[in-house]
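Both complexes below contain subunit A, partnered by subunit B and then by subunit C.
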Partner chain A sequence: MIWQLDFLILIFVIICAVAAINIRDLLSAVIILGAFSFFMCLLWTEMGAIDVAFTEASVATAISTLLFVGAIYKTTRRSKD
Partner chain B sequence: MLEFIISKYNFWFYVILMMIGLYAMLAKRNLVKKLIGMNIFQTAIILFYVSIGVKAGKVHVPIIIGGHGTHHAIKAADYLNPLPHVLMLTAIVVSIATTGVALAVLILIYRRYKTLNEDEILAIRQAGRETGA
Partner chain C sequence: MLTRVYDNLIVQTVCRVMIPFIQIYALYVIAHGHYSPGGGFQGGVILTAALALIFLAYGQGPAIRRMNRIQAVIFCSIGVAIYVGIGLYCLLAGGNFLDYSQLAPLLHVSVPRARSLGILGVEIGVGLAVMTAMYSIILDIAGQSGNETQSTDTEPETGPQTANRKPDSSQ
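== the complex of A and B ==
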């Protein structure tokens, strides 16, 4: 575990989380959530949890973003907060 | 004290991330935003569990050393603890199932009320209850 890399990725993760809940456009928020998941994936690899990393990359990032985008396509893209 | 705080920085970040998720679940009015907050919260829990298994300076994945004939003892202290990782694999798959069901419910809510804003849904329900009574 390289602590500088760990720290940098954690900072990026926090930035992505704050951006995802503050953006008004829901589609942008979901894409930023996907970026958040990919940074988490980098973090798992960096911490030695490779099995968690590839599960996160395939399941949590890809399928979750896909489901969110599908749901937003079926509903609405605008958000008031 | 300062050394204690710095050496456990992964856990501090986990707490910050969890609070961001909790804030989104409590304070945001849009239902999709609440769901995003729930996802962030779940990821924070997973970060906590994976952080438990990390040992400083040890990044080896447990594989058999000397598997081709030469035998020597394997010390568990030299490796990461893989047990939290395996538990969290299940948590990730369960989280995707939860998200899928929540999004299906969200689509049904939108079909009925034509909005995803919590305040507007409650107002419509209130108005319907008053006219119905």
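== the complex of A and C ==
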């Protein structure tokens, strides 16, 4: 474990999380959530949890993003709040 | 809508090249699941990603032609039956649930080999169930809602699909 690399990835994770909450466009929020999942995958790989990182990369980055995009195309792209 | 067929040659060609490698990698993940990272769930999700790539690039018609909802439910039940069947056989043979050492007299192998083969069989069942269940969820969320009959689903797809098949035959 290299704590500098951990800290750098953690900063990216927090930036992606705050941006995904605050952005108005829901499609952009979904893409940023995919980036969040990718950085979480990097963080888990760096911390030695390879199996969890594998699950995160396959489920959260691919399938979850696809389901969110499908849900957005069913409803609306603009955030109401 | 996600159900529209895109006439994008680059996307369709890239998907046609990528999908066999994705599926081979998914089978690698499932087959090596008991002594490397990965396993039935991850391999099944990657197989679902290959099917979803067909769904995104070619539209709903070709994806449903490869596996429709009824086949998805049947294969999901088969996967769960493989898992529960191995577990219940070990239970009925005198051990605990999923106690793979009870499979050794059936397979005519040693006990460690029987444990390895038992885990492999369970992971094949889990991968089959996860692939078809997630594919069914994707069809329900991103697919056409309302008309469930196959004739109305595939009827509008035949026009663009035959137009898509023309560059294939000319290659």
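Basically, the second predicted complex is superposed on the first by the 79 of 81 C-alpha atoms of A that agree within 3 Å, B and C clash if a C-alpha of one lies under 4 Å from a C-alpha of the other, contacts with A are read in each partner's own complex, and residues count from 1 in each chain.
In this section, contacts are C-beta pairs under 8 Å (C-beta built on N, C-alpha and C of every residue); 3 or more make two chains touch, one makes a residue touch a chain.
The structure presented is a predicted model; accordingly, all values stated were derived computationally and were not measured.
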Clash or fit (per the criteria above) of subunit B with subunit C on subunit A: fit
Which of subunit B and subunit C A:Ser28 touches, first, second, both or neither: neither
First (subunit B), second (subunit C), both or neither touched by A:Tyr73: second
Contacts of A:Ile14 with subunit B and subunit C, given as first, second, both or neither: first
Which of subunit B and subunit C A:Thr65 touches, first, second, both or neither: neither
First, second, both or neither for A:Met47, with subunit B first and subunit C second: first
Partner chain in contact with A:Thr55 - subunit B first, subunit C second, else both or neither: both
Comparing the two partners subunit B and subunit C, which touches a greater set of residues in subunit A: B
Least Cα gap, in Å, left between subunit B and subunit C after the two complexes are fitted on chain A: 7
Doubly contacted residues of subunit A, that is, touched by subunit B and again by subunit C: 50-51, 55, 59, 63, 67, 70-71, 74
Contacting residues of subunit B [partner subunit A, same complex]: 9-10, 13, 16-17, 20-21, 23-24, 28-30, 32-33, 35-37, 39-40, 43, 46-47, 50-51, 53-54, 56-61, 80, 82, 85-86, 88-89, 92-93, 95-96, 99-100, 103, 106-107, 110, 115-117
Residue ranges of subunit A touching subunit B (in the complex, touch as defined): 1, 3, 6-7, 10, 13-14, 17-18, 20-21, 26, 29-30, 33, 36-37, 40, 43-44, 47-52, 55-56, 59-60, 63-64, 67-68, 70-72, 74-76, 79-81
Touching residues (chain side subunit A, partner subunit C) in the complex: 50-51, 53-55, 58-59, 62-63, 66-67, 69-71, 73-74
Contacting residues of subunit C [partner subunit A, same complex]: 1-2, 29, 37-39, 41-42, 45-46, 48-49, 52, 56, 134, 137-138, 141-142, 145
